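Before anything else, here is the set of structures, which you'll find just below.
Below, chain A partners chain B and then partners chain C, in two separate complexes.
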Partner chain A sequence: MVSDVPSRARRMPGLAIPHRMRWPLGYTAAAVLVFLAYYYVIPNLGAGGQTFFRNWLPLTSINEALVWVICALGLNIVVGYAGLLDLGFVAFWALGGYTAGWLMSGFFHQVKIHIFGGATATVPGIHISFWLVLLIGAGFCALWGVIIGAPTLRLKSDYLALVTLGFGEIIPQVFTNGDNIGGFNLTNGSKGITPVDPIGIGSTRLGPFDLVWKYLIFVLIAAVVVFITLRLRDGRLGRAWLAIREDELAASMMGVPLMRTKLSAYAVGAVAGGLAGVAFATHVGGVLPDRFNFSISITLLAMVVLGGMGNVWGVMLGALVLAWVNSTGLPQFGSSFNEEFGTNINFPSYNFLLFGGILVLMMLFRREGILPESRTRLVLHEPSRTDMESLGADMEAPAPELDESASLKTAIAEGPVIADETGTGTGMGEKV
Partner chain B sequence: MAATATSTAVPAAIDRKAVIQRYATHVILLGVAIWLGANLINSPSQFFSAGMVGLNLGMLYALIALGYTLVYGIIELINFAHGDLFMLGALFSGFLLTTVMGQEHAGVLGIVLLLVTIVGTMLFCGGINVALEFVAYRRLRRAPKLAPLITAVGMSFVLQFVGLKWNGSTPKQWPSVLPEGSFGVGKFQVDYSLLVVIAVTVPVLLLLRWVITSTRQGKAMRAVAQDQDAARLMGVSVNRTISFTFLIGGALAGTAGVMYQQVVGTTAYNLGYQLGLIAFVSAVLGGIGNIGGAVLGGLLIGLIQGFNDGLPFGFGQKWSQSVVFAILILLMVFKPEGLLGRPSTEKV
Partner chain C sequence: MTTSPQTDASLDAGTVKLHADRITVKFGGLVAVNDVSFTIPGQSVVSLIGPNGAGKTTFFNVLTGLYRATSGRVVLGETDITNLVPHRIAALGMARTFQNIRLFGLMTAEENVKVAMHSKLHSGPFHTIVRTPRQRREERKAQEMARELLEFVGIGKVANEYARNLSYGDQRRLEVARALALEPSILLLDEPTAGMNPQESGRFTQFVHRVRDEKDLSVLLIEHDMSVVMQVSDRITVLDRGEKIAEGSPDDIRSDTRVIEAYLGKSGRDKTT
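Let's turn to the complex of A and B:
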């Protein structure tokens, strides 16, 4: 797949870093900076600085935001790349979480299986190493992605959204009610499965306070997901996804196998969801079924939409910002606001307004997100085919966006290619 | 549908699919019939009361489903905010009847004020729905389908926020002005409140039918649903017609809100999301865009839910959602056009 892509050793004038190395270097640099800040700098700050960071930017919220990033990147493949609206993505998060719950805890006390597990060898239950569970969770979710996708992916867009929503409701309900399935306790009902084993690296185990190391692990998982996403996007499969997103009929006429391509989008997206689920289970040290509700799916969608559908870095930005606002920003802002002005406003309750407002306003005024991908912008501002044909007397104001993107496209096709900063715009000049 | 387009090349595949579909439908229907029969023989009175609960729910779902189906029929948008509109209707009904007019008991005055409340809530919800269309959906009419759908989801959250601020985060109890008690038919009991629900819902449905089939505005609605541009060329004001459709859909949701608030007596800010989804499933079951289908689907889903929750062989209330969504998924796989809808081919 990789060999299809023409060599892309483009260089920025004056900058001697090969294009393909740019994002990994930048990503590593940012990750290491944050790591150093939390490992060396912040513990040595004065009391005031420490309190500030503990209140406004605690490492837990960064770790949680990274989990959101992983999951949002998965949703980005389904919604942003393949254009299949999925309103039940929380199902994959839940499935990944329960994989961790089953395989990394003493829940199944009837058996005693230890594979490099994070518990002493005498404890009953299934205790498998975190790294293996990541793989198992990813595979399990990919399987479920195919199971959910296979019967439903031939549906039209809005029906598909509805069916995914249905699965997003059914799967958490199965987990909630799964404490007595034919007399067998599968999920421990609404009590959930706690505790989940700590992450083991070699013989050391990360306790609840080793947040910095957990941070590194989550950064690593996110990096793997980013890598997979970017490489797939440039490959044959990714170009097929984009083609389907833009015009399903034309894509199928060009020989893109619709079902297989859509199914693989589902499966790959589900893999990321599963990784996020396993990571989240270790982050909070357990799985609780009532966490997996519809608002999680919507929050993920808001992240993808806010950041810029189809652009990995946009989605990452959107996920980091929204996750932080949700977990730390809004409550902190609320408490300092209340303290300052002597009011008693419940700010966290405003997150409905915030997320709903983001979705509506972004769709009305900046459909392509904060960090748009130029190709997505083109798609989102193009009237659909039937409208184009029937545009008659009341043709709306000419779309400058369209002209701009079109001229950009020609410019790129003709002129020398300037690698853009995101590194994802490379597929643009190619004919799909 | 794209899958049909691809499989026409292989006639064998389409035959097999049709056969599977026909048999699967028959098998499922047979299974349901056996299940219902077993329940009926096991305990007739429980069957009857579960059926009454189901009928009650079904009326509610039918009213909400009509709002979905009308809007979908005319602009092909799944209005996710519709369920939350219903929730606001229930809140407004309680606010108007109990807080403003202070009516807390049954009686002749209670019925009169209930009628006033119904009209008021219809106007309130219709107004909100028109406003939503005007502010958000109208600008997105020519946008790709993903955009209005995401906007509707966002609007649903905004409305839920309004509900959260209005109702509070915990469920709220309201007094009912419906007559209490029940009367016996043979050895079965029928609640008076069910009679009131029927007495309100049936005229509303008949009125809707009259509006759509016999008035100028209804004709315009059907024309716009069929072909917007042709309708415009014939002198129909498309924008006004779509606004009118949203008004009707909102008014129906308002009626459902009053009924729910009066019969159930509890409101919560997240009420609309659950009920709205189930109502949407009803609309799809009947065939989305089809008015009679929405009513039929609503009643069926209501009965299914009533039977599932109340019968000895049912899965019980905790699986209620799963049952409804499983029906949705099966339906989507085997008969996406719904019970009364006509199979449509994707416009190319």
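Let's turn to the complex of A and C:
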């Protein structure tokens, strides 16, 4: 029995340091490779190669995909870890985006606040450094995570999903119609807030064509989110999240405060959503309310499910793939297809047909996602032991404890013995 | 772990650990528990028995805060826990197992035990993310304690198995280990020998005594197997239709005519209805 423990379920203390360093090293290596490719290799390719990359894999599509990654990682905490189905996660993305819009633009022209901002000091408006806004946006979204969560998290499963769906609609609606709140223009309505200040690194400001640097910044933010996710997952809070996902009632009976633990999942998830929002605002150079619609929430959920719920790497892969298909792959495939066959099909408009199809296929053939968490794979493909036993399977054969100690067998045969298997019991000591 | 000298737990040994005072639970018009008072002395095994529908599990659920008593008071140690939420009651030292096992299936045995240490650990998100020395120390201690508890119940070898993959017997043991991680003063066991053969039940009896003595706690047991109840209990309370009809030592209960009439007579009739 012990021998067929999947090795992934074991901790190997001897390999602790290499194991711990594995993902940061792998992640950095991948990020640096992409960076070098876009910084040195691709600009020096021939015209054909350059065109290929410009069409099929422009750096801006990678940057946008990274924003999706950051947000999907946040949703993964809520859905994948704590098991709370959230159909309105776009709310946090929008809140983060508008935080950037408010604090990094000339929108509030009534005031003139500059804190390491990305604009010349004479310009009106609030101009705060991108890095500070990241922190503010994260904190603001965490706060809203708690505000939205406090009333909704009392609900369970389907009801929770419906109410989150509601909030996912309410918040973008508020932004769309928030140009006249008691005479005060909070969000500039459907026109949104543009332009948003560029990112400043020291005294240099990243212009719209400094994509490589933005790429590095987004990679860094994603790494921070992965780091936080993995660390929390392994600690007291992460265990409580998983326990709630597994059995809420039992968790509360074991001293896990349900509300507070769920709220923390919401808040941490919302932090990632906020970071994504701020990053996105600088990526597109503005915030527009129609970018934050319901379909974003669903796409995020599809990313988490497609990649593998509960596994950060799966979610990352799912987000990269779907975001790329959405922004570049499908339109590019469409135009090539139309050119080749002389048709006039609007491929990008079929993206949800494609996503839906992918999800259906995934549910049929690989429900656990592309890169599943080992636990999830277990549920979907291996029957649980108790199920097997209730069907009459004999799983009891070689019980290792009994095999190892023949004296124990006689001890048991002679009559009931206290805690025979532990070897620490009083009865055991007497018999042996 | 606190270990105490082997004491012969009689009724007078130790102080009162749990006192339930005139508990009544009504569901609409149905009175599930009617005016039941009940005391668990320190370091003792108390059984709650009665025919199906007598209100045993309802009573359990009141103690653990899952149901709210319509009237009455529950005092654990010195603390009034009548209106506290379940996780607070658990943290105050009331731990339970479930009639139908409720483990965290996709967590390892060790993680299951660690979940129950939630209220004992204090590292917040910041400490966990930064992995401060304090947090690392705490996690190490939790790890040691979890291993110790798993060894104590005899499943140390499967610490890294997912709970759902454990055998039925090991799952029952894991439930006890998880409950013990709360360092409870009262351990509630809801039909723990369900699905055990007579030999296993016999060993279980001794296990319960060992838990009582080594972990210095009192056990409250719901159990249908009368031979187990008679062997394991220091004291027995009999419920019937939500009311307490008898209370006393196993010998008292065995010879109580009311119990024999009401309990055994009814359980015979239950089978036909």
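Please note the rule applied: the second predicted complex is superposed on the first by the 358 of 432 C-alpha atoms of A that agree within 3 Å, B and C clash if a C-alpha of one lies under 4 Å from a C-alpha of the other, contacts with A are read in each partner's own complex, and residues count from 1 in each chain.
Going forward, contacts are C-beta pairs under 8 Å (C-beta built on N, C-alpha and C of every residue); 3 or more make two chains touch, one makes a residue touch a chain.
What you see is a predicted model; the values in this text were computed from it and never measured.
Trainee: Report for A:252: first if it touches chain B alone, second if chain C alone, otherwise both or neither.
Mentor: both
Trainee: For A:32, decide between first (touching chain B), second (touching chain C), both and neither.
Mentor: After superposition on chain A, A:32 lies in contact with neither partner.
Trainee: Name the contact category of A:232: first (chain B only), second (chain C only), both, or neither.
Mentor: second
Trainee: Is A:158 contacted by the first partner chain B, the second partner chain C, both or neither?
Mentor: After superposing on A, A:158 lies in contact with chain B but is clear of chain C.
Trainee: Given the touch rule stated above, what does A:166 touch, chain B (first), chain C (second), both, or neither?
Mentor: Once the two structures are laid over each other on A, A:166 reaches chain B alone.
Trainee: Does the superposition put A:358 against chain B (first), chain C (second), both, or neither?
Mentor: first
Trainee: So, does A:21 touch the first partner chain B, the second partner chain C, both, or neither?
Mentor: neither
Trainee: Hey, what residues of chain A end up touching chain B and chain C alike?
Mentor: Dual-contact residues (chain A): 249, 252, 258, 379, 384-386, 396.
Trainee: Inside the complex, what are the residues of chain A that reach chain C?
Mentor: 1-2, 5, 9-11, 227-228, 231-232, 234-240, 242-243, 246-247, 249-258, 264, 268, 375-376, 378-379, 384-386, 389, 395-396, 399-401, 412, 415-422, 424-427
Trainee: Applying the document's contact rule, which stretches of chain C touch chain A when the two form their complex?
Mentor: The contact residues of chain C facing chain A are 64, 66, 85-88, 90-91, 95-96, 98, 101-108, 111, 114-119, 121, 123-125, 128-129, 131, 135, 139, 151-158, 160-162, 164-168, 171, 178-179, 181-182, 199, 202-203, 205-207, 209-210.
Trainee: Under the stated contact criterion, what part of chain A meets chain B in this complex?
Mentor: Touching chain B: residues 79, 83, 85, 87, 151-152, 154-159, 161-163, 165-167, 169-170, 173-174, 176-177, 248-249, 252, 258-259, 294, 298, 301-302, 305, 349-350, 352-353, 355-360, 363-364, 367, 379-387, 390, 392-394, 396 of chain A.
Trainee: List the residues on chain B that touch chain A in their complex, please.
Mentor: Residues 1-3, 5-6, 76-78, 136, 139-140, 142-151, 153-161, 164-165, 169, 229, 232, 273, 277, 280-281, 284, 318-319, 321-322, 325-326, 328-329, 332-333, 336, 346-348.
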